[in-house]
Amino acid sequence: MNYTPVANTDSSPPHPCHKGYDVVRTWSMKGRASLSQPGGKVALAELDVSVGGTAAVEDPRRQHKPPAVMERLLRRCRVQSQLVRECMAECLGVYIMILFGCGSVAQVVTTEDKKGQYLSINLGFALGTCFGVFVSRGVSGAHLNPAVSLSLCVLGRHPWMKFPFYVFFQVLGAFLAAATVGLQYYEAIRSFGGGELLVTGPKATAGIFSTYPAGYLSLWGGVVDQVIGTAALLVCVLALGDGRNSPAPPGSEPVMVGAAVLVIGVSMGSNSGYALNPARDIGPRLFTYAAGWGDEVFQAGGGWWWVPLVATCIGALLGTLIYELFIEVHHPGGPAELPPLDQGVAMGTTALEGVELDSEKPCNGH
Amino acid sequence: MNYTPVANTDSSPPHPCHKGYDVVRTWSMKGRASLSQPGGKVALAELDVSVGGTAAVEDPRRQHKPPAVMERLLRRCRVQSQLVRECMAECLGVYIMILFGCGSVAQVVTTEDKKGQYLSINLGFALGTCFGVFVSRGVSGAHLNPAVSLSLCVLGRHPWMKFPFYVFFQVLGAFLAAATVGLQYYEAIRSFGGGELLVTGPKATAGIFSTYPAGYLSLWGGVVDQVIGTAALLVCVLALGDGRNSPAPPGSEPVMVGAAVLVIGVSMGSNSGYALNPARDIGPRLFTYAAGWGDEVFQAGGGWWWVPLVATCIGALLGTLIYELFIEVHHPGGPAELPPLDQGVAMGTTALEGVELDSEKPCNGH
Amino acid sequence: MNYTPVANTDSSPPHPCHKGYDVVRTWSMKGRASLSQPGGKVALAELDVSVGGTAAVEDPRRQHKPPAVMERLLRRCRVQSQLVRECMAECLGVYIMILFGCGSVAQVVTTEDKKGQYLSINLGFALGTCFGVFVSRGVSGAHLNPAVSLSLCVLGRHPWMKFPFYVFFQVLGAFLAAATVGLQYYEAIRSFGGGELLVTGPKATAGIFSTYPAGYLSLWGGVVDQVIGTAALLVCVLALGDGRNSPAPPGSEPVMVGAAVLVIGVSMGSNSGYALNPARDIGPRLFTYAAGWGDEVFQAGGGWWWVPLVATCIGALLGTLIYELFIEVHHPGGPAELPPLDQGVAMGTTALEGVELDSEKPCNGH
Amino acid sequence: MNYTPVANTDSSPPHPCHKGYDVVRTWSMKGRASLSQPGGKVALAELDVSVGGTAAVEDPRRQHKPPAVMERLLRRCRVQSQLVRECMAECLGVYIMILFGCGSVAQVVTTEDKKGQYLSINLGFALGTCFGVFVSRGVSGAHLNPAVSLSLCVLGRHPWMKFPFYVFFQVLGAFLAAATVGLQYYEAIRSFGGGELLVTGPKATAGIFSTYPAGYLSLWGGVVDQVIGTAALLVCVLALGDGRNSPAPPGSEPVMVGAAVLVIGVSMGSNSGYALNPARDIGPRLFTYAAGWGDEVFQAGGGWWWVPLVATCIGALLGTLIYELFIEVHHPGGPAELPPLDQGVAMGTTALEGVELDSEKPCNGH
């Protein structure tokens, strides 16, 4: 039921003992394994081998075991453009997030709470987000959310030029995920709704895909709800990534971002379903519109559909502002005194020539 | 729905360093591993390769992309005072904690257990605490609790001078968070209570904000309950931070403190709602008093309101004493042989004058 | 109720090294930190102080305390064959996974949801998978799933020669685990079913062991369900192990794989019980067939039994393809420029001949 | 609501920037902080200061701020005996485990599932175990379970001499925790039971403290249940600590041991309440016997009380045997070829004189 490609299971490793384990890491991650190694000198030694010595060694096994056919076919599909790669990562990341998120709603709705409850929906979106981030973070930074992309652009941490591309592929990923959930739960939805695709009422199934407000909620109440929710999300994730505060342990960021989504679902979910994300809402809504739920997906809740688009963006900006003004801006040796990026990199380079190399490391050591 | 600012996908981020943090990460997307590597020399070698030319190259982007407008505006708001920074961090930390904690109660109460159950309240406070700590720990140490501040002062690990400031801002944060929950759930609370704001009875909503005892509980029973609960909390968090015992993995402290709150909620929550924290209780109680629930918030439960203020402080001191006497004091090479705090600080300072490298440590020392 | 063999409290443990592991820990209880320290020289310095005299001192305890009897007996059973070791690890890994997974279903079914609900089944399989991986990962790579083994073979990352062995022992482990659950819940199952072993109906207990589709689900709907579910699983675990993306923190892979199983159970479990794994389904099904549930276990659900065997394999291949095409193949400096596996291994081996230090790396390379 | 003593909140740190943070670590954990530092040379430098230079530096603040009164009083209570320290740690560890575990049962029973369900009991014991381990692991190794102590003694990894002391203090801790739960839930139990302390029937409260079998379970069925459960526990925790397999990430062992208890509770809890631990069962049972539930606590369930004492010990030995025979004994370069402890330490010392220092580090790096 699982698969950890890291561990070596090849019978041919001639290396003694458990070495094999690491060796394959070296291979599977290119330069990585050698670098996570504590002893400076050895790493050096190994790097030498990796870069230079390899060709010299005549490994007999190399002859009879060429790259697998599949592997070679895959290599043909390689894309070089950084932007295209990022867009694909955002698309797949949002896809995974919504596949699990909306899937969990579908499971709870179509089984009438027998195979899951509201908490399992919270878990579905939380872990969906977590794996969406795992899938895309190393390539695109895992925005997965137009409101987040917007905040980063306003802050000057992401280029405006990429903004429309990110948003389009985020919405596309959400649309495709909703379509997949619709396919996977096709029979369940038909069975639950008696063959009808309803937007409101006890047999409604449109809520599987996008958010609708509770009966008591006014549009303005919904705006307030989404602004607060998205602001809370941004405060949390900004804190998780703030290296001068108390950041998430290295590598665990996706899990902690998922935890932020979990706690928001647990504490701010009942008013209007905690969209928090324009793409998460409009993508699946477009799917329901196209797939047979019809116009009503835009009319229900007094024309609710625009609230998750607008209020989340406002909330994201507000949350960014709050975290910046309460915490980040005041860090000693803060932004004002620090050199801009390129200079920073240059500094790093310079430092490397002296003892001070280490002075750079701690910052990104985690 | 999420945002991991760590991964930078901008090809020309002009934002300043420390930002050293971000900068290297950006770079590390391409040559990532080299930076997570402790051995200086290899990093040196590889860094040379990776960014070798950077310093020399006149990057054209540096010219046309000055610090973003927003960034520059934010810098103007910078506060230098350490105490003010700490107070703001405590305030925001408690705010986040109570926003999620009381929000989860509001969700369960106003949906009558349909969108959450007691366990989701436990999760709300646990993860609320977790993110409250993430938000404030690097700045103020994340007390988030007057009873904790008191224990630290008694132990001599926190200056008495700061105590009133911390307490005030903790209570303020809790008050503001309660107000935010009141705003976010305004319509839900009105709808649930039929327009009335009640403190007791089946339609009571005051319990969303502060704690009230179960019907069978006497005041003394409540005192015992809160003393035991807060003592258990302190034993757990002292163990998590005891470097000579089995401390929480570095960086995961906020999560484990949240887990301690979770288990206390799961095992000691039914008697009186596990306040564990004077600020968590009195701040929201003051909000309900002011917002229309009236005098009864102080009269209900036989004048319950003072118990979470007093008993939690006693419990915190008791828990500290238990952990110290059972475990910490006996560590070999224990406190008796260690220099007092200031000396430790002095030591650190001295060290810094020798080799500057330590000046960066805090970034990853956590 | 627990046991952390890591912390050694024996003052004279005679057990052998690697054990180097334990040994140093023991020692490190007193001088702990020095060992978690990357910089060689300091460690040197401190170690000298801490254990300086040890080698010289003739420890009297060494004489009177030879390796424990049990320890010596165990050593006699040692198996050298790598393949046999891997098969035993796969068998025990799947055993643990199914023991907890099917056990949690048994608990929920036989107590009629009183001691657990659908979420506890999700947790049972998730944590079962997690511990199945912990048990086997260092030896066999923790495939625990014929569909995963198949994908790896197709990708050329696992030798076809081992494929049938892995599959056989995976199925065997699942069969034995089902038998253990049957034994542990023998009286509960008899009591629940009134002495009868039923495959369908309200008193059915065959669903404790293997999966059956929901009433509304067609065979083709089931195929789609299992293809999507297994593909999602593979995308997640491939991302977790992709060192050039955002991999799981080292050592936490088992937990994150369990989290992937959890989210799939929460979002894709209601149609047909998320088998995701041919061995997980056919092993227990064979047990129920043999143990008295009879032919119907193959006839129920319109001959459902083959779907979890076939669809999961298709899904695993599809998921692999998706992750490769969307993410992995495009990594800069990607596979095309990397040496094939054996070469990687050879490199590793060569490196080992240079500086022996790497030989220890695997211990902490994870 | 929480307390992370690690972060520095003292106003007097004169060190620039966030240095303070780490500095206090140095202080609060003695030599630790300096050692978790990546740059070898700096660590060296700082160590020099710590050990030698400190006295020389005349820090003006040292005069006006002596060790806090409380701190000095605590130091007077210091115990030197290693055995006494270990016994206190085991006692407090079991106390915390049972306090949370039995507390969660009390909460669920006395609120009739309104403030918790079976899953919250599972969480109570899981997180109780987790924090029990955090509290004691660095001192006593966190056996917390006579069956575990027994297994370790049989394996020769723990001295038989200490066995009775450990067991006594484990039982004592469980007894005291049960008494505390009895005190905290005194009014709740009286209210729930109508003033009576019952062992069986719908108003039974003895089950809050110790385990009783389900109605359908025979004594032999109970023995099988407890043998399987405890064996599963041991397999999991042995895997978590096996440095040559896939061990738990360093520092996270307490959490993962808690997760093992969680999954056992979720999958093996309904037959007889998963005691898994003689002390966990007999300690609270003795409390109920003494506190008024009377003889029946030993007579109920057909004289059930001895099963959790005997079967768990058998199970622990069986689980140890299974893990050793399936996995641990076969590790290449396994125990048989490794030198005994003292030699291992000696090796380490020797290694330190050459380049090979690093060869030791990886083994305990996590």
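Every chain is named by a letter (A, B, C and D) in the order it is written, and numbering of its residues begins at 1.
In the analysis below, a contact is a pair of C-beta atoms (placed from the backbone, for glycine too) under 8 Å apart; a residue touches a chain by one contact, two chains touch by 3 or more.
The UniProt protein names, listed by chain, are A, B, C, D = Aquaporin-10.
In this text, all values refer to a predicted model and were calculated from it rather than measured experimentally.
**Student:** Over half shared or under half: which fits the residue numbers at the contact of copies subunit C and subunit D, same or different?
**Tutor:** different
**Student:** Report back the single chain whose CA centre is most distant from the CA centre of subunit C.
**Tutor:** In terms of C-alpha centroids, the chain at the greatest distance from subunit C is B.
**Student:** Centroid from C-alpha atoms only, then distance subunit C to subunit D, rounded to Å. What do you get?
**Tutor:** Taking the average C-alpha coordinate of subunit C and of subunit D, the gap between them is 24 Å.
**Student:** How many angstrom lie between the centres of subunit A and subunit D, each centre taken as the mean Cα position?
**Tutor:** Measuring from centre to centre gives 35 Å for this pair.
**Student:** Residues of subunit C that contact two or more other chains, please.
**Tutor:** 7, 32-33, 38-40, 117, 119, 133, 137-138, 142, 243-244, 246, 249-250, 252-254, 355, 357, 359, 361-366
**Student:** Under the definition above, what is the set of subunit D residues touching subunit B in their complex?
**Tutor:** Touching subunit B from subunit D are residues 1-30, 32-33, 36-42, 45-46, 49-50, 53-54, 57, 59, 61-62, 65-71, 74-75, 77-80, 85, 88-89, 91-92, 96, 99-104, 106-107, 110-111, 114-117, 119-120, 123-124, 127-128, 130-131, 133-139, 142, 180, 183-188, 190-191, 249-255.
**Student:** Which residues, counting only subunit B, touch subunit D once they are in their complex?
**Tutor:** 38, 40, 82-83, 86, 97, 117-119, 122, 125, 129, 132-133, 137-138, 140-145, 148, 151-152, 154-159, 161-162, 214-218, 221, 224-225, 228, 232-250, 252-254, 256-264, 266-271, 276-277, 280, 322-327, 329-331, 333-336, 338-352, 354-355, 357-359, 361-366
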